[in-house]
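Next up, some structures in structure tokens.
Each of the two complexes below includes chain A, the first together with chain B, the second together with chain C.
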Partner chain A sequence: MKRRARTAAGTVRAERLAPYVLVAPAVLIIVALRLWPLALGVNFSFTGDGEFNGTFVGPGNYLELAGDPLFHLSLRNVGLLVLLLPLAVAIPGLLATFIYLRVPGHRVYRSVYFFPAVLSPVIVGAIFNLMLGYEGPLNSALAAIGAGPVDWLGDPGIAMFTVVGVHIWATFGMALVVFLAGFSTLDASLLDAARVDGASLRRTIWHVIIPSLTRTIQFVFVTTMIGMLTSMFGLLFVMTSGGPEGSTYLPEYYIWHQQGQMNRPALASAASTVLFVVMLVVGLLQITLLRRAGRQD
Partner chain B sequence: MPRTRPARWVAAVPMAALALATIYPLVFTANVAMKTRREYVLDRFSPAGSPRWDNLAEAWAGAGMAGYFVNSFIVVACAVALLLLLGSMAGFALARLRFRGSSMIFLGCLAGLFVPFQVIMVPLTRVMADSGLIDTYPGLILAYVAQFLPFTVFLMTSHYRTIPAEIVDAARIDGNTVYGVYLRIMLPLGAPALLSVGILDALFCWNDVLIALLMMPSPENRTLMIGVNALRGQYSGDIPVFASGVLIAAVPVLMIYLFLQRQITDGITAGSTKG
Partner chain C sequence: MKHRALWSALMVAALAVAGCGSATRTGSPSGDSQRKLVVWDWKSGEPAAAAYVEKAKADFAQRHPGVTVEFVAQPYDQYYTLLGTASQSDKAPDVMLFNGGGQIRDRAGTLLPLDRYVAEDRSRLAGWEAFSEDGKVYAAPVTLQGHPIYYNKTLYEAAGLDPADPPKTWNEFVSGCAAIKKTTGAACFALGNKEGFGIQFFLSGLGSGILTPREYDDWIAGKRDWTSPHVRRIFELWKDAGDKGLNNRGANSTAMFTDIFTVFETGKAAHIIGLMSDIGHWKDFGEFLPPEKIGVMRAPVVTDGATPSLPYDGGIGYAVAKGTKDPALAADLVRALTSTDALTAFYAEAGAITSDTTIDVSRAGPAATAIASEIRTGRPALHVALSSKTLDLMGRLSQQLLSGSATVDEAVEQLAASDRTG
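And then the complex of A and B:
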């Protein structure tokens, strides 16, 4: 402290400013390139495209979205993703449970299951374009058991399920690792008690594991949902381009298409705003539902 | 114990099958990449007779993949260096310095975490175009830094919170300035977290499609992932060469995974347990 007293007043002021100097660049970038564009985009969505560029058109873009069948399809697909979400959480959850219970070979599985998660959607999409071809390995395997062939990416009723399946293949390792981290905080004596009481595996999962992992499960639900709504662009871009017949459109693909391909940035901004609201609503709904479910236990 | 043991073996069978299903697509692609076009058309599954390394050479040279590699490498290296520098500076200040507005600033960074790129891509592209940064290295680097900075700041802050405040106080009493503490104490102590976060940031940037597509429209500025996708059109009649291109693009990431798996999974779980 003595040495501090001897320093000049200027140095003291510099020291007091130091925290602000340290955070300033990060804050500037986050505000200028993430938070500000959010406001800009909402504002932008109420202006027109083309000759109406920059003029206020009120809810015009939103009305156009409401009447666009392609946008309807992309929202319907969001609904489909929400329905498939429990599956995308349950699969890694169950696998993590078995790994935690030391299924034979559990050490290997963790590394193997995680590896697709490091691959780019471009690589994954390209690999599966080969795998899912009409005469590709999957249809050949089906033929061997007397089924198929299935037009995985060409049938409008199937293509979306195919892409979601590939997305889950590529990302379930991510959630698995998060679940395993949750398991490591689990109180092992609870499991031992369940074993001593002779509880079946199903009852152990239901009454011991799930209630103890509420926070982890919440986290996986929310991040998996965000992942499904915002990181499938690469797969759509490489595998289907939104087709066939628009059946694999998602809002993110719709936004990209309207902005870049159709030159309708204001309309795309309106779709962005809708996507943001959808994500907020879904996220908050999930958290409330899971909290309530957690309390009942 | 006796009750769960058979259950373990029952689970092991589908789990092994799933592990195969996880590996097989890549093995299939690698095998296709080693075939001649004729071999591929006649039989897709049989192991390649003699490995055809010239497919790899053809994909590398014919599609100009070297240029894509250089683009990706420059952009990812600069973006990750900036992310780690800015993230550790802000993380240190937010975790271990007391100053007015620090909790507000932390919340602001967290808010950035919940703004997905898809929601801001239109206005961000416009801002970048207005500043003349579209189709330039600095533009894409800045876009990546903005995209992954909230995550980096968040993880660095939670890492620095685990370092005892006494260490900072002791260094201050020894006569270090705040900047001195950052450079001499916090940067070295942050190394494990910087490694984990750095690898994750590098993977995210290297694998990105959408941001690169928007920020780098010219063909000569393509990153590796955009370039690989362009290969599909160029070699639509020669699948083995296309598969070779995909394989070449996958190898660097697979190498990183083989050697740094621990750091990658640590980074991901750090986000979940501290969140």
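And then the complex of A and C:
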């Protein structure tokens, strides 16, 4: 009787422990390879550079960031990316709609649109460097129709939009595929009904397609935002080097520049920590958004 | 539920950021044995440098049989990032290549002073200043890097100018440019300022014709008077050159490396403030322009009393890490890498003006000869004396000056402030 009780108690304890043991490897890997280095990085951001290497300087690096117009500019550019997000989502959405509605040649477009997505940012950047050069083919074409040359990559008011434009061109194929997948779940009878009622294309999109694709659109918003915030580095590196006048700096580029070019690893760590906080806020917003979308169903 | 959301958000953000450049110290000592030296550079992988590396290796092997030397060629784009990370984690190589100026001065604390090892080479090699900090030498120069003003003799002839007698004053220079523009349509300067490097070349290439000799020496010695009208004049001329159309169009979006060199080589611009070694120099241009049509001129005189001279410094040089196990052995490798035999191979194959003043370059054509003859009277380049932070700022300000979004006064004021804080 006693023995059976002890075994039962043992089983209960083992059952209680089992989940912890089972998740331990994953947790340990994340703690050792992600969280611990992250903590080291944050810790490192409170030390100095150069002759102060390794000494505690308090919030010195953060104060320097707060006073650095270049870092402000890089954060403002993050804001600009967020503002341009609807455009980056609308373009693949609209093109996917045309393909779904079977415009002439839609089969060709489907593969052509996806093509840039397989090119590396470095190659895309190099191609557009040639295309958008001051003496390049695009300006020659503009000159042929009598429009003045535009310094696409040399004008601080234009360069960021140029790079974002190229980024959208290079990546919208992926979002397009997601949209097409979303369309396959669309109830065709709704569209037929709209057509029978004589709805125009614009009204069909606004009242039938967009409401039916809410979840897809939200998903594309989230992934496009992540793409814009984390994978513009290659394009910036090749196309503008952060210039002209620092107008195309993003936090990532700023971090790389301070660490590698200016030999300020601790300052770069501080900037990384700030970027981390920004990403945390963005991550929270995205999770709230996705949860709300989930609740709707 | 709330908690879970917070944690997942933390995870997302942590995953996104953990990879972003926050270097940390781990404090494990370098694991190289005395029998092996590791060299980092960005040169040894190039075919043009093969003969040089072979010569240096053979020379070193003769003196130290049994010691292996491993050359690790790193990509230049990432070189200082990799080096910074390696020395942060005490994994730095024994011997490493450096550019002269800011890059090595910023890292002097991690390097071994070489004065006692290279005493014999001091007079044979030129360009030591660029590798020195507080009176100590941290690397032995391999090449010299400087900014001669190259000009296209064919364009001079077409415009009716005498290619053997290039302009000596700024006014002559500008009127010559006007003649060239009128007859050939070519711009005066080939200027690439996409990376913000154009201003560095401009400052150093033309500075000796603008500052008085006294101001020049003070500038190099660190006593820079940013309120001097001559210093202001440099940035005024930079802006003027842009405003008056002396530069090729789209200078702020044309890359210095290497788009702008093509503009000069194809005769679209008459002058370029180029380099002496590695790239953008007499040998590079010689592939497209006939070598006898490439001229080298002194900086045109802007200020009365200025004495134009060739601006140059040590270009690249090999340094030894402070933490290397056998400093004398590593320093000996540096000496092998700067021997006359090795450097002769480097000059001939790679097209560089090497630090060794005893090498005869007359076979390389008139431009190289003209440059070599100026080495003796040449002085350190102005921009090399500035910190990398000030140079970075100057790059952005120079773009603002060209686009008109900053005035000369604002630019000089900001540069003065940056220069004061180092």
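One rule holds in what follows: the second predicted complex is superposed on the first by the 244 of 297 C-alpha atoms of A that agree within 3 Å, B and C clash if a C-alpha of one lies under 4 Å from a C-alpha of the other, contacts with A are read in each partner's own complex, and residues count from 1 in each chain.
Here is the rule we go by: contacts are C-beta pairs under 8 Å (C-beta built on N, C-alpha and C of every residue); 3 or more make two chains touch, one makes a residue touch a chain.
Computed from a prediction, not measured in an experiment: that's the story for all the values here.
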- Is chain A touched at more residues by chain B or by chain C? B
- Query: Does chain B (first) or chain C (second) touch A:26, or do both, or does neither?
  - Reply: first
- Considering only the touch criterion stated at the top, classify A:90 as touching first (chain B), second (chain C), both, or neither. neither
- Message: Which partner chains sit in contact with A:35 here, chain B, chain C, both or neither? Use first/second/both/neither.
- Response: both
- Query: What is the contact status of A:185 with respect to chain B (first) and chain C (second): first, second, both, or neither?
  - Reply: first
- Please indicate which partner A:288 is in contact with in the superposed arrangement: first for chain B, second for chain C, both, or neither. second
- Item | Touching partner for A:268 - first (chain B), second (chain C), both, neither | both
- Query: Does chain B (first) or chain C (second) touch A:134, or do both, or does neither?
  - Reply: second
- Message: On the A-aligned overlay, A:241 touches which partner chain: chain B = first, chain C = second, or both, or neither?
- Response: second
- Message: Is A:155 touching anything from chain B or chain C once the two structures are fitted on A? First, second, both or neither.
- Response: second
- Message: Shared contact residues on chain A, chain B side and chain C side combined as an intersection?
- Response: 30, 33-35, 37-38, 40-41, 44, 129, 135, 226, 230, 252, 255-256, 259-260, 265, 268-269, 272-273, 275-276, 279
- Okay, in this complex, where on chain B does chain A touch? 1, 3-4, 7-9, 11-12, 15-16, 18-19, 21-26, 28-29, 32, 44-45, 86-87, 89-90, 92-94, 97, 99, 102, 105, 108-109, 111-112, 115-127, 142-143, 145-147, 149-150, 153, 173, 175, 177-179, 182, 203, 206-210, 213-214, 225-226, 228-229, 232, 239, 242-243, 246, 249-250, 253-254, 256-257, 261, 264-265, 268-269, 272-273, 275
- So, in the complex, the side of chain A touching chain C is made of residues 30, 33-35, 37-38, 40-45, 50-51, 53-54, 70, 129, 132-135, 149, 151-156, 226, 230, 240-241, 243-246, 252, 255-257, 259-263, 265, 268-269, 272-273, 275-277, 279-280, 282-284, 286-288, 291
- Message: Which stretch or stretches of chain C touch chain A in the complex?
- Response: 5-6, 8-18, 20-25, 78, 80-81, 84-85, 88, 103, 106-107, 109, 194-196, 249-255, 259, 388-389, 392, 395-396, 399-400, 403, 405
- Item | Residues of chain A that touch chain B when the two form their complex | 1, 3, 11, 14-16, 18-20, 22-23, 25-27, 29-35, 37-38, 40-41, 44, 95, 98, 101-105, 108-109, 111-116, 118-123, 126-131, 135-137, 140, 169, 174, 177-178, 180-182, 185, 195, 198, 200-201, 216, 219-220, 223, 226, 229-230, 233-234, 237-238, 251-252, 255-256, 259-260, 265, 268-269, 272-273, 275-276, 279
